[in-house]
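Structure first, then comments.
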Amino acid sequence: MSSRMVPSRRFASVVLAVALASSTLGMAGCSRGAQSSTQLRVTGSTTILPIAEIASEMYQASHPGVKVLVAGIGSSAGIEAVGNGTADIGTSSRDLKPEEASLGLVDTPIAHDAIAVIVNPSNRVAGLSKGQIAEIFEGKVTNWKQVGGPDLEIGVVNRDEASGTREAFSNIVLEKRPFDPTAAVLPGTGQVRFVVAQSPGAVGYISVGFVDRSVKALSIDGIAPNEANIASKRYPISRLLHFLTKGSPKGLAAEFLAFVLSPAVQDSVVRDAGFLPIAEGAQ
Amino acid sequence: MSETLAEHQTGVPPHGHAEPDKFDVRKLDFFYGDFQALGDITVGIKRHAVTAFIGPSGCGKSTFLRCLNRMNDLIPGSHAEGTVLLDGEDVYGPGVDPVDLRRRVGMIFQQPNPFPMSIYDNVAYGPKLHGVRRKAELDEIVEKALGRANLWKEVKDILPRGGLTLSGGQQQRLCIARVLAVEPEVLLMDEPCSAIDPTSVQKIEDLMAELKDRITIVIVTHNMQQAARVSDFTAFFLQEKLGEAAKLVEFDRTAVLFTSPKDRRTEDYITGRFG
Amino acid sequence: MTDPLDRGGRATPGDRRPAADLLHREAPAPGVSGPSALVPPAGPPTRLSTISRATYLKEAGLKNLFLLCACVAVAGVLLIFLFVGYRGFPIFGKLGIAAFLGGRTWSPSAGSFGVLSLIINSLLATLGALAIGAPLAIGTAVFLSDVASPRVRELVRPAVELLAGIPSVVYGLFGLLALRPIIAKTSGGLGFGLAAAWMILAIMVVPTIAAISEDALRSVPDGIREASYAMGATKWQTIWRVLLPAARVGIIDAVILGMGRAIGETMAVLMVAGNAAVVPAGIFKPFLTLTTVIVLEMPYASGDHRTALFGVAIMLFLISMAFVASIRLISRLGRERS
Amino acid sequence: MSDTGGRSEKTNASASGVPPTRRRELVDKRVTNALALGVIWCFALATVAALGSLLLYVVINGARELANPIEFIFSWPKGVNAEGGIWPTIQSTLYATGLAMIIVTPIAVLAAVYLAEYAVQGRLVSVIRFAADSLASVPSIVMGLFGLALFVEAAGIGFSALSAALALSFLMLPIVMRTTEEAIRSVPKYIRWGSYGLGASKWQTVSRVVLPAALPRILTGLLLATGRAAGETAVVIYTMGTSLNAPISPLEGGRTMPVHVMLMAMEGINLKAAYGTALLLVIMVLAFNLTARYIVRRTRRMQG
């Protein structure tokens, strides 16, 4: 066996050497031809992930030979990735921060989204004011009875700092005041949903598109998060979803963007994912 | 082998003293680290004879045996001083290859130690090491070696079977065959019969008698009857005090040593007064 | 393959094969008789071959190759220290070691990177898990070494070993989706928290601690057991008074290794901890540890935040090294005492 | 348990002349013994129960997803919620783990040969052992960041199966080294002597006799380490990335099964996929474990 082992070692080192060599070549090739090659990297918000993934599948199906790689790593990471060139399109569910202006990114909004505040269906609270919600998420209100509910401790569920949803929620509801640091921080929309669904005292926030029967979406200041209210902009917690490119979109990135903005995606995929087409919100 | 033939042709008696000793050991000291295990051993091992090393356990006879083919080199921190001449050349001489030495001076151990491979491969192992590649040649060597070890008849139909499936006595003969396959000039046997059944002991003792015409045999045994039965010469080793180096007390023809030992300690030992 | 016994220039060409070799070598002997045979014949001595340069170089080369392979482990540790250190060390310079280790606020968006709360949380999670897991594991080890019949042992031991093979992410999934809702129901909270982490980690450390403890118990000579029984001790007295003390060093090692496993565990903890960067006010409140902060925040961290996460990795690395070092120390002390 | 119990009963019965306090001691002793052994039984059962409930939970929840195993295993995830199969994650897992095995085997085995056959106890050896022990105890998340810093970024290999394999091989190295060294040491001295006695050089002895004899146990260690690597999450997530890809070249990234489980659980949208993948992962790892046990058992039967 060991006489065989020597060659296998040799083999391993050959593989390694070849791999290293081709990796350097590959990297060089990539950075040169990223814009015009047949590969497109779309990276960022987990909120936008469903849209991006389906759109990419549809696009690849109609454009054989083109590869669209989609990853959901959070809005901030997506912005950074497109800024430093590791992605061709960055997706973000929040607006650019002032310090990100220097990256030279061009913003193309692709959909409207609203954020729903969700509670366990067993919770008899049906609506809260924006101020009450802010107090809950700041940790000032800790029991449902303080806001007209049962005598039950509030279990606040927050999102991680990479989340565009959190960013938008913080801007709109908390007006940038800090979240309660003792709140649970969960890294995914779905996790927030099933944790709230399984815990009687829980409260969280997720994109309206992800609300299902396992949780109850509260109305805010008396306005329910339904399509009409969101389209009319009466529902207070809503935002835009963005595709970002370094400079104006070119080549494959531009083609893909156009495809995402076309009715084929806007009317089916965007709606199916629970968002509103970008054109509709503008009306 | 040519030498044996030559001897008979020139009429030299097989065990004659006129013939030079196979091993000529002069003033050998051996150390495990700082501890001196053997002191000042001087002895000649006669060609084509069976020489037995006897003595109480821990008397250094095995250690001495292992000096002859430098198996002791495998023990870290050990070293030997003095000379061990094999056919007139110092095996501890500068640059001497212990690996090749061990091919010429084969060894059988107390515990039968077949390799965990087939009977055939066990015997073919040595020849393969030394460059025999052709299947036909290997087959011939294996058959001959097993034949000389009186094992061929028992195993010729089960050569692909694992060596470890044999009985203890068969395993020991397999080990002997394995050594014979590399045509050693000397066979060192370190208590080869202490771990096997009496019938097999008989077979191995017979085998020694057959082999000694062509091979010089040195056997370590703590069984004095066995030494008396199989050997032509006997060396008696003794470590007199704990922590002291073991010494060669007496060396002589077996018949002489067992009937009229010159040394008092030898007499005490062979008459069973200690050990 | 080259013949390892190739004797370079010293052997006559063509006499590689042992049988032929032997004949060649023995041939001159019969002609020479008496003591003159002791004198090597004229010309170069050809009988005892010396180590050829090729053989020597080959064996030495192989040995060095093996040594090189063994040193890969050393290189690995150095590389880890170097590369993780290189990325993380600047945070110590930037904030000062005291602010990094002693700061209680971990709030990357606000630029505060104090890891004290995370250290405390990691220790709380680890110690609690050991408090549950160690007795369970040592009990299981005793069961396997001295209580179970061979047949029961053949059933239980594989179970313990399989427990070690289950990926930590599966433990996490179990914790998140099976254990946490139960805790949420009984405690009224979200179910995230130390309580859930303790239970999951306790199961996870069992195989590590049990396997090593069992080895330690088995290495206690049977004579000692028999001596104890012969004095009228019951099985339990033998276990408690004789076996456990005798296997003490090994068991302590096992617990420390289990501790290392618990403090370094990431995925399982991530799923049940709830990730609030504060020391929790109760065992049903969410908390963030040294490992989970990395996996949670690394995907989007940049700048100082990223450096700080590498700084956390340095801490974890040093903690695990400290565990290994303490095991060495303990076993050395144990050896000296006995 | 029973025999000591019996013994103390006998003592008790013949203890008519013994003072009452002494008799109570004997009874106490017996009760304590029974209680303590009962607790030990409970501990062992709790451990087994933990394994049982874990497996049962994964099997029950995963089985639904695996109702159509061919489709689940061989098709690609589709759509928003990664429904459908998980083939790319399986390929990624096998690729990275297999590559790691290829890289680590020669190095770890030869390193173990050095420690078991060549090394002389000394400073160097104790440094190597300390390093191997340390490497074994490095938290996997730290190993992941190390892989990210060295292979992905500094060496420029990027998120790839190769980076993951290199990082995983550091994880496997100490495990394979230790089991191989034990395997080599368990080969009887006598067998080595037999080979040396025939004029074999050290390397000939090691390569032709010792390693073949130790092979089953070496394979066992290798399988266990590979199983560990296949279930590893924190190392691969930073070295291979999370993109759904079925890598062909070692420079392609991908998402391994544990990473898929983690992402599905964290994202929380498609828990069915998490269960299904977890079940498959557990089956895979158990297969490694059981094969390893089988090899050990078979060898024991053949050699014993």
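Note that the chains are named A, B, C and D in the order they appear, and that numbering of residues resets to 1 at the start of each chain.
Keep in mind that, in the parts below, a residue touches a chain if its C-beta (ideal position, glycine included) is under 8 Å from a C-beta of that chain, and two chains touch if they have at least 3 such contacts.
Since the model is a prediction, treat every value here as computed from it, not as a measurement.
Under the contact definition stated at the top, the chains bordering both subunit B and subunit C are D. Among the inter-chain contacts, the highest number of C-beta pairs connects C-D.
Ranked by distance of CA centroids from subunit C, the top chain is B. Subunit C and subunit D have centres, each the mean of its CA atoms, that are 12 Å apart.
Computed from the mean C-alpha positions, the centre of subunit A lies at a distance of 81 Å from the centre of subunit B. With each centre defined as the average position of its C-alpha atoms, the distance from subunit B to subunit D rounds to 47 Å.
Chain centres here are Cα means. That of subunit A falls 39 Å from that of subunit C. Touching of two or more other chains is recorded for residues 106-107, 110, 199, 201, 204, 208, 212, 265-266, 271 of subunit D. Touching two or more other chains at once are residues 3, 73, 186-187, 195 of subunit A.
For subunit C, residues that reach two or more other chains under the stated contact definition are 4-5, 55. Chain contact topology: the protein chains form a pattern that is neither a line, a ring, a star nor a complete graph. Pairwise, the chains that touch each other are A-C, A-D, B-C, B-D, C-D.
Across the complex, subunit C meets subunit D through its residues 4-5, 55, 58-59, 62-63, 65-67, 69-74, 76-77, 79-80, 83-84, 86-87, 135-137, 139-140, 142-144, 147-148, 155-156, 158-163, 165-174, 176-178, 203, 206, 210, 229, 232, 234-237, 239-240, 257, 260, 263-267, 270-271, 291, 294-295, 298, 309-310, 313, 316-317, 320-321, 323-325, 327-328.
The residues of subunit A lying in touch with subunit D in their complex are 1-3, 5-6, 8-9, 11-12, 15-16, 19-20, 22-24, 26-27, 46, 49-50, 53-54, 57, 69-73, 186-195, 210, 272-273.
Taken in their complex, subunit D has these residues touching subunit C: 1, 4-5, 7-8, 11, 29-30, 32-33, 36-37, 39-44, 46-48, 50-52, 54, 57-58, 61, 106-108, 110-111, 113-115, 118-119, 127-128, 130-135, 137-143, 145-146, 149-150, 154, 170, 173-174, 177, 199, 201-204, 224, 227-228, 230-234, 237-238, 258, 261-262, 265-266, 271, 274-275, 278, 281-282, 285-286, 288-289, 293. The part of subunit C that touches subunit A in the complex is made up of residues 1, 107-110, 180-181, 184, 188-192, 274-278, 280-281, 285-286, 288, 296-297, 299-300, 302. Touching subunit B in their complex are the following residues of subunit C: 3-5, 7, 16-19, 22-23, 26-27, 29-31, 33-35, 37-40, 45, 47-52, 55.
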